[in-house]
Amino acid sequence: MKRYWWLGLVFIVALILPFVIGEFWVHVAVEILILGLFAVSFNMIFGYMGQLSFGHAAYYGVGAYATGLLMVKASVPLPICLPASMIAAGICALIFGYFCVRLTGIYFAILTLAFGQLMYYIIFQWYSFTGGDDGLQGIIPPDFLFSATAYYYFTLFVVAAALIVIWYISESPFGYTMRTIRENPDRTRFIGINVKRYMLINFVIAGMFAGLAGGLWGPFNRSIAPDLCNWHQSGTPVFMTVIGGPLGFFGPMVGSVIYTFLMAFVTGFTEYWPLTIGLVIIFVVLFMPGGVLGFFEERVKIIRARALEVGAGESSEKENS
Amino acid sequence: MDTSLLLSQFLSGLSRGMVLFLIASGLSLIFGVMNILNFAHASLWLVGAYFCYSFWVLLQGYGFGMWVSIGLAALTLAAIGWVIEVVLIRRVYDRELPEQLLLTYAMVLIIGDLIKLTWGVEDRIIARPPLVEGPVFFFGIPFDSYFIFVILVGFAVAIGLWWFLQKTKYGHIVRAAVFSREMVSALGIPIPRIYTGVFVLGIFIAGLAGGVQAPVGSITLGMDMAIVVQAFCVVVIGGFGSLLGTLVGSIIVGEIYAFSILFWPQGALVLIFVVTAVVLIIRPWGLFGTPMRA
Amino acid sequence: MKKDYFLKAFGGAALLVVMTALSVGPALAAEPYHLGVNLAITGTGALYCKDGVDAIKLAVEEINGQGGFMGKHPIELFVRDTHTKPDVGVREAKDLILRDKVRAILGTYSSAVAVAIKPVAQEYKVLHIAAISNSENITKVKFSPYTYSVVPNSYMQAKAVALGVAELAKKKGWKEYVTIASDYEWGRSTQNNFVQLLQQAAPDLKLKKEFWPRLGETQFTSYITAIMAQKPDFVYGSVASKDNVAWMKQAKAYGFFEKIPYPGSLVSVSELIIQAKTITRGLVGLCRAPFFAHMDVPMMANFVENFRTKYGRYPSDWAVMEYDAVYALKQGIEKAGSIDTEKVKDAMKGMTIDTTRGKLYFREIDNQLSCSSYLGVVADDPKYPFPIYHDLVEVKGPDSWRPEAEITAARAKD
């Protein structure tokens, strides 16, 4: 357990954060957490399963609408809404995923995109139920979560719990099977694993956590709109993951920190946010293919390699630990 | 439901389909040959429309101003396409699919803002010459005369591309490169040059499509976002890399749109995505495509 | 191996703390008045919003020339782009409130953005003045005392048109009609109100079919042919901004307006200017704040002159209303004798103000300005390089707004 102490420290920093920063940045921190969870759930498909989903916002949006509708139309308490969001998004992911996992590569990307847009237009057109383009207003969290700080702590605990669960899944035999499928689906099949079923289960779990993130968004923003579902929104976790690095568990989270912070910072003085993030993405794709984490990883390796050369053999035992 | 109504919806669906075909054909060509899905295709199409507007402003005084502007817009875009290929696309030939997608997606964002910086936020409108200003009548059914031109350009591009790929030596090399890069390379033909040529050709068609689109309505920011996903649908339905498929796919999508307005106005866009999803599930390679590397 | 990730994640988090700590500067003294503008500078609303922002800048310049609000609170302007998306609008509103410390937010192009921002402004006790978006839901239900509207709302506009169209229908013997409306909050509520009010004003008229093109549609040909095939006696449309420009241009190419009357749809000064050459003369249009209707009001004459001097063009409806919004705020502050938002909000309640459109007042029940809707026939005018409205009919606010009893009833369901 010794190697996890860094994580505890990050958590403690997160706990004292609201006392250090202004209220606006508490709002930004909530966004970072929610979008971070969204990106981590996306990375279960992208990083671990090796498929690019371009319609992940569908599950995020369904989660947001499940919580929003339950709270506005039925006054259901938030703690019940969030699991409901996960279930609703999970069901949606099960139906769409059933077809998606039959495809790979570009076809997988486009089918998820088509399903995502389908979901978007259904929410958009179903005026009587979803409020159409107006979205839903008046999604007010309970009194004890009303302030930004309170909602921040609530989000922090929910997201932390979700991350722990996802971490366990990714480190379980199931998680390693997913990695095997990513590396070589045919060989995985030969050793008797039902690849499609595994992929579908993974797809549904990823959808459920995206739904949880969506459920957290509505009460934070006080309102939701169909835009949460469309393909621009699906691009966000892709950006975050690529910036942070898709191969580490915390890559998407780091990406969310960078992306959301940069957005809050840049939009403060220029309307040309798309231009800015576009240039950042091109830079990352061309010069930092492993994302920020991957980049630092390389650096660390190089430094270590040099250290090894200097103190030849001395630290080889440590390396293995 | 009388026949004249069905005919008039068919014609409007056909013109919508042709606008889509002009965008999707370049997209499909680039994907078919280079295996790169260009998210920014519609953004470049929009740049073409804006360039057409700018040229038209300069040439307004002449009767042929608009027609020349469309051609100039296409040539300008070909030059821009060349720059993009050499500076950006060439660097990601060997990368994974997600990285290529992200690169072109980032271009969407950048191009959008560059358009705003260059042309501002106002709508740009090209006043059509009198020849194509009013309606023409087929059996008493009104039809926007400009769309006759649009449909003609659409078929001209289709036939031109077919001729190029099937009948010219260069076209044969391109088709060979689709099947085996190594073989073409081994024959001493430089692959990057073929790719650059194909990309420039694709963007040239996008620029032409943009120029053709410009006088249809108004030219505005964000038009590209709405149409790019529909263009993907066209390519999927028709089959990646299949010219005939793209043509048929465009007309299918255009007609679905036109007829669902009659029968189920709310569901026009939903239907398009349903059809796309169904095609992907049953025949991932599309109606006219061939199963290939995935 | 994993240790590295934690190390880096921690490093990232620590970096974030430092960065945020640095970017939170010390709070400024209360002297200058921080004024926020939340408009759609990109996206479908850009056409209208650019004029709005320019008018606000002009008003701020004028007021700052006199030392600012009450002669001593210079205005600092913070302009943000909502991208016409509700969640972006909310984030930007929060940013304006929390980081830029604005005391009032002007603007909102999209009604969906307006209704999303309303509760946020209320929560943080910041004034919110809607000057372009006009869905009546902004002030009708889920009422916020911090939200004011200086634009004739969708009900008022629909009522004005319904009255006008009912009269025309009687005169011309119309029986059936078709509607085409953009599929979003404003398009829907306008169409809805129009259909209901017309039902009351002319019960014999029959609605044959409804068409709902999506917001941002660029090609209307399929709608045009479908509508023409219905052979309606007239068509009512609520399509806004650049969609409206595209729709009207393409409809014209089909000879639509020569065949089918198209009365009472939004043809603002923006459309008149942009389509100066192409718009069909004789069209019966509706607009919200045409400057040419009030050139006799000195404030309007002054504004038009200053706007033309500064920007070299005529102001659209949107410019007029945003300009009025700034001056409404100015007069509220003067009456309150303070820039304290609570006092200003209370002072503005029921207040009568001078606007470019004459003396108007805010109705107490919903903070709606008693502004007029304008109907007229598009015709050329030697005074302007673009057509304006002739035979102008001004339907006054108090004659067209929703009765208070209905508002109370609607709010009971909140």
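Chains: A, B and C, in written order; residue numbering restarts at 1 for each.
Going forward, a contact is a pair of C-beta atoms (placed from the backbone, for glycine too) under 8 Å apart; a residue touches a chain by one contact, two chains touch by 3 or more.
Every value quoted in this text rests on a predicted model; they were computed, and no experiment measured them.
Chain contacts here are complete: no pair of chains fails to touch. For chain pairs A-C and A-B, the one joined by more C-beta pairs in contact is A-C. Between the CA-based centres of chain A and chain C the separation comes to 36 Å, rounded to the whole angstrom. Centroid to centroid, with C-alpha atoms defining each point, chain A and chain B lie 33 Å apart.
Residue positions 41-42, 214 of chain C each touch two or more of the other chains. Contacts with at least two other chains are made by residues 112, 116, 225, 266, 269 of chain B. Chain contacts: chain A has residues 125 touching two or more partner chains. Within the complex formed with chain A, the chain C residues making contact are 2-10, 12-14, 16-17, 19-21, 23-24, 41-42, 80-81, 85-87, 90-92, 94-95, 98-99, 111-112, 115-116, 118-120, 123, 137, 142, 183-185, 188, 214-215.
On the side of chain B, the complex with chain A involves touching residues 37, 88, 91-92, 95, 97-99, 101-103, 105-110, 112-114, 116-117, 225, 229, 232-233, 236, 240, 266-267, 269-270, 273-274, 276-277, 280-281, 284, 294.
In the complex of the two chains, the chain B residues touching chain C come out as 4-5, 8-9, 11-13, 15-16, 19, 112, 116, 120-123, 125, 127-128, 133-135, 141-147, 216-218, 220-223, 225-227, 257-258, 261-262, 265-266, 269. Here chain A touches chain B in the complex through residues 46, 52, 54, 99, 102-107, 109-111, 113-115, 117-118, 121-122, 125, 231-232, 235, 238-239, 242, 272, 274-275, 277-279, 281-282, 285-286, 289, going by the rule given at the top. Looking at the complex, you find that chain A touches chain C at residues 3-4, 6-7, 9-10, 13-14, 17, 20-25, 27-28, 31, 124-125, 127, 132-135, 137-138, 140, 221-225, 227-228, 248-251, 253-254, 257-258, 261, 264-265, 267-268, 271, 292-293, 296-297, 300.
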